[in-house]
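What follows is a group of structures, each given as structure tokens.
Common to both upcoming complexes is chain A, partnered first by chain B, then by chain C.
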Partner chain A sequence: MTDDIAYWFSYLTNGKHLTWYASFQFTIFAALMGGALAVVFGLLGATLKNSRFLPLRLIGTFYSSIVRGVPDVLFFLFFPLAFEQGVEWLVASQICSPEAIAAQTAAWPPCKEANWFLGTTEYLILASVSLGLVYGAFATNVIHGALRSVPNGQLEAARAFGMSPGQVLWRIQIRQMWVYALPGLSNVWMLIVKATSLLSLLQIADIVLWADRLGAPNFLPAVGLVHEDWRWRYYLVLFVFYILVTWLSERAFEAIMRRAGKGILSEARV
Partner chain B sequence: MQAFLNDLALMSQAVLFNIYFAAASIPIGFVLAVFLALGKASPNPIINRLTRGYIYAFRGSPLFIQFFMFYSLALSLNIAVWKPLGISGFVLHPLFMGPLVLVLNTAAYTGEIFYGALRAVPRGEVEAARAYGMSRSQQFRRVVWPNLIRLAWPAYTNEVVFLFHATAIVYFALPVVGAQADLMITAKTLFERDYNAFLHFSVAALYFLAVSLVVFFLFGLVYQRLMRHMPAPPRMRFRPKWMR
Partner chain C sequence: MHKSFGALEVLRGISFSAREGEVISLIGSSGSGKSTLLRCINMLEVPDGGDVLIDGEPIKLRGTGQNRHIADEAQIRRIRSELGMVFQSFNLWAHMTILENVMEAPLVVQGRQRAEVEAEARAMLDKVGIGSKTDAYPSQLSGGQQQRAAIARALCINPRVMLFDEPTSALDPELEVEVLRVIKVLADEGRSMVLVTHDMEFARSVSDKVIFLHHGQIEEEGTPDEVFGATKSARLKQFLNAASHS
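Now for the complex of A and B:
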């Protein structure tokens, strides 16, 4: 019995498994960073949508409807690739000599010097930004609605005190809107958490990729424990992990809602 | 321009796979979701707990993981179960596995929508039906269901569009068999050939947008028909709120 426990303990703490546990940091980082950026882009989008200047309003509406109109995975893949190409194009226009361009045989980049190698860190940041952009479009709608739910009397009172439009926006409207935005933002957060499972599509060695590697059947005793195809067990662990994260987030949002809803009429706390 | 038209032509084949995945999973998921919603509202503690747990688990975890999990489960059962039965090629085929997992996933989301609608069915109408002496099945068919489907239809439309968007990740989790590539795989393959991200991904996005609009239009027609007894036929809002 104790032998068994020791055996499984040593299996679950071998180097590969420790790397797997360490790779949770990528998922958590992407979720937190993506969530923060989604709120930033959401605020930006909602401000644009509320703008009195028509072109800005169009940009805001266009952003929130087009990004939500295509699958998240499409934009999630497209943005990092397009950004990388854009930077390479910019660099190429500065440093590429005509000879280097003539010597280049591949379709991209224009010359070898302009090649930008992206490692895990760069891809992780780009992935977080693209999560923020995609779900910022959802947050734009949520915040846009919440901004309009702020009681008009409060804004009028602020204007009567002589606040400028910017002050009314930042000191009253945005501070008061969180209670109305929280239920929607909690939905957006759940979507972001679930979208972090896509990180492996951008060559990040995240939890999904490691689950695949660890569970793959092994027939060589030299490599480690000989076992058949155990991938489904590892995916089951991830399945449970995501359910737990969802559960925890729900509890956390409930607590925040209770706190934020203090002193506000109960209809805001749905 | 020529490249754009080429892409349009190439992807018109690919979009059929996305449509197939969605079309194959929506009807089955719909039926399953009705049972899930009834189960979640059921007073029987076992059925109630089970359906609640199912809906929570499938709504609380990423579809991407669900694909991997069910596919690897099917793979590990291959030698013991599918091979002896001689259906290994069928079960492990993405055209079967894809809809299977999509059904399980969309049934959970749709079940939650239907459950919400079920709770919103006016209590007085159900009581009136009971007072008329209708049996439980009669109550459901004549009173609860017509109310439920009208209440749930706009949200259900969103869910269908979301499911169609979710078909984009099917082939990222399952193996691509031969030339059976969907929009995303086609866009990615074309991108890897000439590195023109803007062209290929935009064409794929256009297809997704186009099909989503068609779905909205068709479901809007159904909604108008469902609501034909209302004095002013409510039009389905064309501004989608695609929130799961």
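Now for the complex of A and C:
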């Protein structure tokens, strides 16, 4: 019995499993940073959409309608690659000598010096930015609607007391819009959490990739068959992880809502 | 002053002036343009024609007709920060406590010291009779209390003129009294005020000058005794008659 426990303990703490556990940080990082960026892009997009200047308004509208329609998987593949090659092209135009270009045998990049090697960190940041861009378009719509739900009389009062347009927006409108935006934003957040399962598309050894590898039938020449196809067990762990994240998110959003709704929601009595 | 909304002409050539310390009441039936006139004073509405002069300084506007806009943002912010406005529907900022509401403009717009502003805000709230409600949110107060908080908010910027836009129209009669009492105290202190009201008795008791508007023009103006006691215009007679029967 104790032997069994010791065996399973050492099995579940072997190098590969530890790497798997560590890879949860990628998922959590991508979700948190993607979520934060989505709110930033959402605020930016909504402000553009409300702008008095037609070109800015068009940019905001274009962003929220076009990007929402593009499948997230496609954007995930497109954006980091386009960004990488764009940077390489820019660097190449500055540093590649004609000799270096002539010496280059591969089709891309133009010369070896312009090659930009992306590691896990770089891919993780690009993935987070992709998440932020895609879901920021949804957040734009949510925040745009929420900004318009703030009672106009209060904005007028702020103007009447001499606040600048920026102060009215920041001190009154944005402070109050959270109550109206949070239900929508919590939906966007859950979509972002789900989308983190796409990280493996970007060469990031994330929790899904490791669950796949660890669960596959394991055969060692010295020991024989360690285990059969155990993937469903590993996937089950991911299920539980995502359900836990959902539960925690709901608690967190309730707490934020109570805070943001002070004075605005009737149940928030002091 | 002229002002139209689309094809609807709301102000059709109005001119009036107010001296320091004067209380002016604007009366008239709904749609007569009295609220619009008040809102033109601090440019919440920009008049299509005519100028607003505060202490001899004209508020700078550019463009013509309905495309007229505020020309100098800094100037209008400075002027607005010297005009305390009280709205019909209070318009307190819902996410701030009463005390924060009163302190907001002095701190953020006027850039004054927090300790000094807080002492003054508490004094103002005491003065309007809700000194015990400083930490409540607007939604937790009655309409009358909210409106008194809104008056304290306007007072705390040390305004040169107080602008009241139908301050009691959204209140039940029993709550109206407490607000009117506060406004009366301010009038007796010699504050300059412009007041849009439908309460003829009140207009008569606080005003130095009463202006009766009809279809965007001044139909009759004068001291309360002249306007209410020796009414000249037939329209005003009719209006006062209707008002006293409502």
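The criterion applied here is as follows: the second predicted complex is superposed on the first by the 259 of 270 C-alpha atoms of A that agree within 3 Å, B and C clash if a C-alpha of one lies under 4 Å from a C-alpha of the other, contacts with A are read in each partner's own complex, and residues count from 1 in each chain.
Criterion: a residue touches a chain if its C-beta (ideal position, glycine included) is under 8 Å from a C-beta of that chain, and two chains touch if they have at least 3 such contacts.
All of these numbers come straight from a predicted model, not from anything done at the bench.
Student: Could you tell me if A:Gln176 is touching chain B, chain C, both of them or neither one (first, second, both, neither)?
Tutor: The answer is second: A:Gln176 touches chain C but not chain B.
Student: Contacts for A:Glu228 in the overlay, against chain B (first) and chain C (second): which applies, first, second, both or neither?
Tutor: Once the two structures are laid over each other on A, A:Glu228 reaches chain B alone.
Student: What is the contact status of A:Val129 with respect to chain B (first) and chain C (second): first, second, both, or neither?
Tutor: neither
Student: I'd like to know which partner A:Thr246 touches here: chain B for first, chain C for second, both or neither.
Tutor: In the superposed model, A:Thr246 contacts chain B only, not chain C.
Student: For chain A, which side has the bigger count of touched residues, chain B or chain C?
Tutor: Looking at chain B versus chain C, the one contacting more residues of chain A is B.
Student: In the overlay, answer first, second, both or neither for which of chain B and chain C A:Gln154 touches.
Tutor: second
Student: When the two structures are overlaid on chain A, which partner does A:Phe78 contact: first (chain B), second (chain C), both, or neither?
Tutor: A:Phe78: touches chain B, not chain C.
Student: Have a look at where A:Lys262 lands relative to chain B and chain C in the superposition and call it first, second, both or neither.
Tutor: second
Student: Counting only touches as set out at the top, which of chain B and chain C does A:Ser164 meet: first, second, both, neither?
Tutor: Once the two structures are laid over each other on A, A:Ser164 reaches chain C alone.
Student: Residues of chain C touching chain A in their complex?
Tutor: Per the stated touch rule, the residues are 42, 44, 73, 76-81, 83, 85, 87, 89, 91-97, 104-105, 108-110, 135-140, 153, 157.
Student: Where on chain A is chain B touching in the complex?
Tutor: Listed in rising order, the residues are 65-66, 68-75, 77-78, 81-82, 85, 107-108, 138, 141, 184, 187, 190-191, 194-198, 201, 208, 211-212, 215, 228-232, 235-236, 238-239, 242-243, 246-247.
Student: Which part of chain B faces chain A closely enough to touch in the complex?
Tutor: So the residues of chain B in touch with chain A come to 56-57, 59-66, 68-69, 72-73, 75-76, 165-166, 168-169, 172, 184, 187-188, 191, 193-195, 197-198, 201, 204-205, 208-209, 212, 239-244.
Student: Taking the touch rule as given, give the residues of chain A at its contact with chain C in the complex, in rising order.
Tutor: These residues of chain A touch chain C: 151, 153-154, 156-164, 167, 171-172, 175-176, 262-264, 266, 268-270.
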